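In the two complexes that follow, chain A is the common piece, with chain B as its partner first and chain C second.
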Partner chain A sequence: MTTTLPGRPTLSQNLSAALAEAQLRFTNISRYPGQLLTNIVIPIVFAAMPILLGRATGGASAEANFAANTGSGNFVGYLLIGSCVFQFVSSTFFLVANWLRFEQETGTLEAVYLTPTSSATLLGGVVLYSTVRSLLPALIAYVVGCLVFGLNPLDGNLALALVFIAAGLIPLAGMSMLFGAVVLRVKEANALLNLMQWVVSFLMGIFFPVAVMPPLLQFVAWLFPPTWMTNGVRSALLGVGYFFGAWYLDLAVLWVFMFLAPLLGWWVFRRTEQGIQRNEGVGQF
Partner chain B sequence: MLGQVTVEALTKTYLTRQRQGLFKSTEKAVPALRGVSLEIRPGELFGLLGPNGAGKTTLIKCLTTLLLPTGGRAWINGHELTQADNAIRATTGCMLMGERGLYWKLTARENLVFFGALYHLDPAARRRRADELIEQLGLGEIADRAVESYSSGQRMKLAFAKALINDAPLLILDEPTNTLDVPSARELRAVVRDLNQQGKTVIYTTHIMAEAETLCDRVAIVDHGEVLALGTVPELKASLRREAVVKVEGVISTKATHAVEQLPGVSNVATTLNGHTTLTVVSQETHAALLPRLIETLTAHQAVIQKIAPEEPTLEDVFIARTGRTLADDTRVK
Partner chain C sequence: MTSQTLPQRLLTGPAAFLSTLAAMAQKEIMIMLRYPVEFVASFGQVFLIVVVLTLAGLMFSPEGVGGGGSTETTGLVVYGFILFMFLSDTLWTIGYNVHRDQKQGTLEVLYLSPASKFANLVSRIVVTLVWTGLMCVMAAFVMSGMLGALPLHNLALGLFVLVMALSGTFGVGFAFAALTLRLKETAQTVANLFQFAFMVVCAPFFPFAALPEFMQWVARAIPLAYGVDAFRSTLMGFPAGFPELAPIEMELAVVTVFGLVMPILGYWLYRREEDVARRKGTLSEY
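Now for the complex of A and B:
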C-alpha cells in the first residue's frame, strides 16, 4: 500500500493548480471583454501624442535631430515601441498587486489561503496568465500601430526583440512580488499604482533615451530591468545601439536581474505574508 | 488517543493601530483568545457558541492556519499546528466568510472545479466532485449561471459546497446559516447532521443558542476569548439544575429590577428591552420559593406583569448564569 502525506503535492499537482489559477483569470477576464480592446487601443493612442507632437514641432530636420540623440531616425517606431513595451511592463509590474487587491476585496484571498496550494504556485499561475494577457495586446498594438503610422512591423530583428522581452519578464515578475508585498501589507493599491505608473514609465525611457536624463537618474534607470528591456527591443528593431555595445552583453545584464529580482521579490513577499499571518491575517481588506 | 482536534492554552492577541488624529497613532493590543483549551473527538459534532466578538472566528482562523496564534499549541487531524500546515489544510474543509470567498463572475460549477484544483484533485475528480455537490445541495438549476446573479442564500449554499470539495474528515463551519431563511437553515443543518453521521467531525460555530442546542453533541460556550463551559447539552443544563430560572415580561422599572436583584437566592438578572421589558431571573432557590416572592416584589414596585413563567433551562440560561449577559449582547472589545 502506498501512502502519500496529505498536503505535500506532487509537481504535476502543483502545475495543475497553477494552470487552474491561470485559467480562472482568463475566464474571469473574458467576462469583461471591453478590457482587451482597451489594452490594444491605449498604447497606440499613447504613442500617437508624442508622434504627432514630433511631426508638428520637429519639422524637416526632426528625424536627423532624433537620430543624433538616439541612434535612429525612426522616431515613430521608437515611440511606438516605447509605448507598447510600457504597456507590457506596467501590466506585468502591477500584476501581483492587482491580483492580491482583487482577491482581498472579493474575500477570495482568504479562501485560496485555506487550501494546500502554496502562494508560490498561485503566483506562478498568475504570472502565466499575465504574460499571455499583456504580451498579446502589446504585440497586436505594435502591429496595428505600425500600420497606422505607415511602418513595416516586420522590420528589424523580431526574434531578438522577443528574447529581450522574455528575459525581461522574469525580473519584472520578481519586482511585481515586491510591489505585491506592499499591497498585502497596506491593503491599498490605487494611489500607489498611479504613482508607480509614472515612475516606471519615466525610468524605462518610454519616450526618450535614458542618455538625456540627469546622471543620478540615469544611474537609477540602469538598476531598473525594464530600461534594459526597452533599449534591447529598440536596438533589435531599430538599431539604436546597445548600452554595452553588443546584444549579448545587455542580455547578460538582464540575466543577472533574472536571478536577483525573483529571489529578492519572493523573500520579501514571504516575510510580509508571515508577518500578516502573525497578526491580522490575509482576510482583512 | 489524541482527539481529532486538540487545543492547548491557545492565545491570540491582535495588534491594531489606534488613530489619534491625522498623523498620530498608537498600538493597541486586542486579546481575542485568552487561553482556549479543547479536545474534539473523532466523529463529534462540536458546537462553539458565543456572542459577537467572543473569539469564535479567531479560533477557527488559528485552527485553519490562516492566523498564527500568539501562544499555546494545537493538533488538527494528527498534525501539529505550525509544523505541518499544508497537511492540516489538505485534511480540513472550511466555510469561513459566508458568501464572500467566491468568484462572483464565475459560475458555481467553475468555482467548485477551481477550488478542487487547489485541493489537488485531478481534473476528472474535480468535475465529478463538483457534479456530486451540485446534486447533493440542489444547486442544479443555477450551477451554470454567474454567482453574482444568485440570491444571498444560494451563495451561502455554494460556499458550503466549497467547504466539502476536498471531502475532508474535518469540517469547520463558521456561522453557516447566517443570512439563510428558516427552511434553508434547517435544510443545511440536516446536511451537516448527515455528513456527521457519515463519520465527519464537525466544528459548528454559532451565536444562536437553539442551533447549538438542537444540533451539537457537545458545546463549548465561549466569551471574551475564553471557554466558560463545555459539555453535552444535557450536562450544561444539569449544571443549572439547582438553579431556578423565571422569565417575566411586562412594564418593569429599573427600581423594580434592582429590587429583584436584592431578593435572597437570586444570582443573576438579565434584562432585554424590546417594547416592554423581559427579565430573566436566575435563583439558587426552587421555583416554588422564588415565584411568590418575585411577584410580590414586582407588584410592590408598581411593575405590570404581562407574563410570568418558570423556565426549563436553555443554553442561553447557562450563558446568562456565567456572564450576566444574554447572547444578543455585543461583547466586542472596543
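Now for the complex of A and C:
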C-alpha cells in the first residue's frame, strides 16, 4: 500500500488545484461581462483606425498601394488579422501579469504563497484561464470584424490558420510567465507592461510586414513566436507568403518555440520568485 | 475661540487650495519618481504607438516606408494623436486615481483629512498633463520625421481650442469619477468602451469623411468631436474641406461652451455621487 507524504501533492491534486484556480478566474470574469465585450470591441476598433485612415487618404489606389507594400490588397483582412492576433497575444501576457499585480495590491500574494499549493500549479491555472479568455474573444472579434467591414470570415484556408494559432498557444503561455516575472521584480509595472504590449505589436508586425524593419529588428522579430503565428495566419487566409516559402516549415519553427518558450519562461519566473523570496519577500509592492 | 477658528482659516480660501494642490502634486511627482522604470516606459510606449500607427499609415502610401505621407495626412494624424493623448489623460485620470485609492484603501483616509477634495482631484491631472505635454512634443517630432513636414498655422487659436477641449474633458473626467464611485470595478470597462467609441466617432486618427454618413451625424452631436475637428483644422491652416463638421465659428462656439460648462456640471455630478457614497458608507468599496 502506498501512502502519500503530507505536503507533497500528487499530479492529480496539482491538476485539480490548477483547474480550481482557472475556474475561480472564470467565475470572477463572468461577473464582469462588459470586460469580455471590451475584448471583442478592442481589436475591431483598433483595426478600424488604419482602415479608415487608409480609405480616406489612399482613395482609389489604397488597395494597390497596400498590396505593393504588404503582399495583399485585402487591407481590411490584413489589418483585422493583425489586430485580433495582437489582442489575443497581449491579453494572454497581460492577464498573467495582472493576476500577480492584483494579488500584490490587495495584499493577498504572500498569503497565496503560504498555501501548500505550489506557485507553479497556481500559475498553470492562471495561464490556462488567460489563454482561453484571450483566444475566444479574439476569434469572435475576427468574425464580427469581418462582418462589420464586409468580408467573408470563412475565406482562405481556415483550418491551416487555426493550426498556426493552436501551435502558437504553448509558446505564448510560456512567454506569459516572463510578464509575470516582470511584475514580481518591478512591482509597479503598469507602464512597463503597456510598453511591452506595444513591443509585442511592433515585433509581430501588427499592421505591417516585418520586412519593413531594419535587418537587426527583423532578426529579433523572428525570435518572437507571435511573429510566426501572425504571418502563418495571414498567409493561410490571405496568401501573403510564408517566411520559409512553405507552411510546414514555418509551422516547424513554431514547434521549436513550443519546447523552448515554456522552459525559458518558467526558468526566468522561478529565478525571479526565488530571488524575491530570499530578499524582501513577495508581500511588498 | 481664536484657537478654534484659526485652523479653519488656514484650510479655506485660495491660499489653502493652492497649498493643498501643491502638496498633492508633489506627492504624485514623488510616486512617479519612486518608480523610474514606469517613468521611462511611458515614454517608450508613446514612441512605439507612434511608430506602429505611422507604419500602418505608410502602408497606403505609394512609396511605402521610404516615401512619407502628404502634409495634410501628417497634420491629420499628428494633431489627432496629440489631442487624443491629452484627452485620454483628462478623461480618465481622475476616475482611475479614485479607483486606485479605493483599491489601496486610502480613499476613505483622504476624505477624513480637512484638505480640499477638489484640489486633491485636480492634482492628479496637473502632473499628468505636464508629462503628456512632453511626450506629445516627442511624438510630434518622431511622426513628422517619418511622415513629413508638419503644417503649423494659427498657433494661438489652436491653443485656445486645446485648452477649451481639455477643460471640457476635465469635466467629463469628474463625471467619470462619479461613475467610478457608483459602478466600482465596472466603471473601468465602461471607460474603455467610451474611449473606443471616442476613437471612432470623434475621429482623432482619420478625417470625419471616412466615417459612414450616419456616424458623421452622431459625431455632430458630440461637442468633443468639434474640438478634434477645430483643433487640427486650425493648426493645418484650414485646408480645403476642413473643418468638416461645421463652419469654424460654430465649432469654436461649441468648444467654448463645452469648456466652460462641462467642468461645473461634472464636478456637481461628482459631489452628488460622493455624498451618496458617504451616506451609504460605500466610499471605500470597489
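Throughout what follows, the second predicted complex is superposed on the first by the 283 of 285 C-alpha atoms of A that agree within 3 Å, B and C clash if a C-alpha of one lies under 4 Å from a C-alpha of the other, contacts with A are read in each partner's own complex, and residues count from 1 in each chain.
The rule is short, and it goes like this: a residue touches a chain if its C-beta (ideal position, glycine included) is under 8 Å from a C-beta of that chain, and two chains touch if they have at least 3 such contacts.
Since we're looking at a predicted model, the values are computed, not measured.
Q: After the overlay on chain A, what do you see for chain B versus chain C, clash or fit?
A: Here chain B and chain C can both sit on chain A without a clash.
Q: Touching A:Asn28, do we find chain B (first), chain C (second), both, or neither?
A: first
Q: Under the stated touch criterion, which partner chain does A:Thr106 make contact with: chain B (first), chain C (second), both, or neither?
A: It touches chain B and chain C both.
Q: For A:Thr70, using the defined touch cut-off, is the partner it touches chain B, chain C, both, or neither? Pick first, second, both or neither.
A: second
Q: State whether A:Arg278 touches chain B only (first), chain C only (second), both chains, or neither.
A: The first partner, chain B, only.
Q: Give the angle at the C-alpha centre of chain A formed by the C-alpha centres of chain B and chain C in the superposed arrangement, rounded to the nearest 10 degrees.
A: It is 80 degrees after superposition, to the nearest 10.
Q: Based on the superposed arrangement, let me know which partner A:Thr57 touches: chain B (first), chain C (second), both, or neither?
A: The second partner, chain C, only.
Q: Between chain B (first) and chain C (second), which does A:Trp198 come into contact with in this model arrangement: first, second, both, or neither?
A: The second partner, chain C, only.
Q: Which partner does A:Met49 reach: the first (chain B), the second (chain C), both, or neither?
A: second
Q: After superposition on the shared chain, which partner residues are touched by A:Ile206: those of chain B (first), chain C (second), both, or neither?
A: After superposition on chain A, A:Ile206 lies in contact with chain C alone.
Q: Tell me, in angstrom, the smallest C-alpha to C-alpha distance between chain B and chain C in the overlaid model?
A: 7
Q: Which chain A residues come up in both lists, the one for chain B and the one for chain C?
A: Residues 32, 106, which sit in both footprints.
Q: Across the complex, what residues on chain B touch chain A?
A: So the residues of chain B touching chain A come out as 14-16, 61, 64, 66-68, 84-92, 94, 96-97, 100-106, 110, 113-115, 117-120, 122-123, 146, 162.
Q: Going by the contact rule at the top, pick out the chain A residues touching chain C in the complex.
A: Those in contact with chain C are residues 32, 34-35, 37-38, 41-42, 45, 48-50, 52-58, 61-62, 65-66, 68-70, 75, 79, 105-106, 186-192, 194-195, 198-199, 201-202, 206-208, 212.
Q: Provide the residue numbers of chain C that touch chain A in the complex, in ascending order.
A: 34-35, 37-39, 41-42, 44-45, 48-49, 51-53, 55-62, 64-65, 69-70, 73, 76-77, 103-104, 185-186, 189-190, 192-193, 196, 199-200, 203, 205-207, 209-211
Q: List the residues on chain A that touch chain B in their complex, please.
A: Within the complex, chain A contacts chain B at residues 5-9, 13, 16-17, 19-21, 23-24, 27-28, 31-32, 106-108, 110-118, 274, 277-283.
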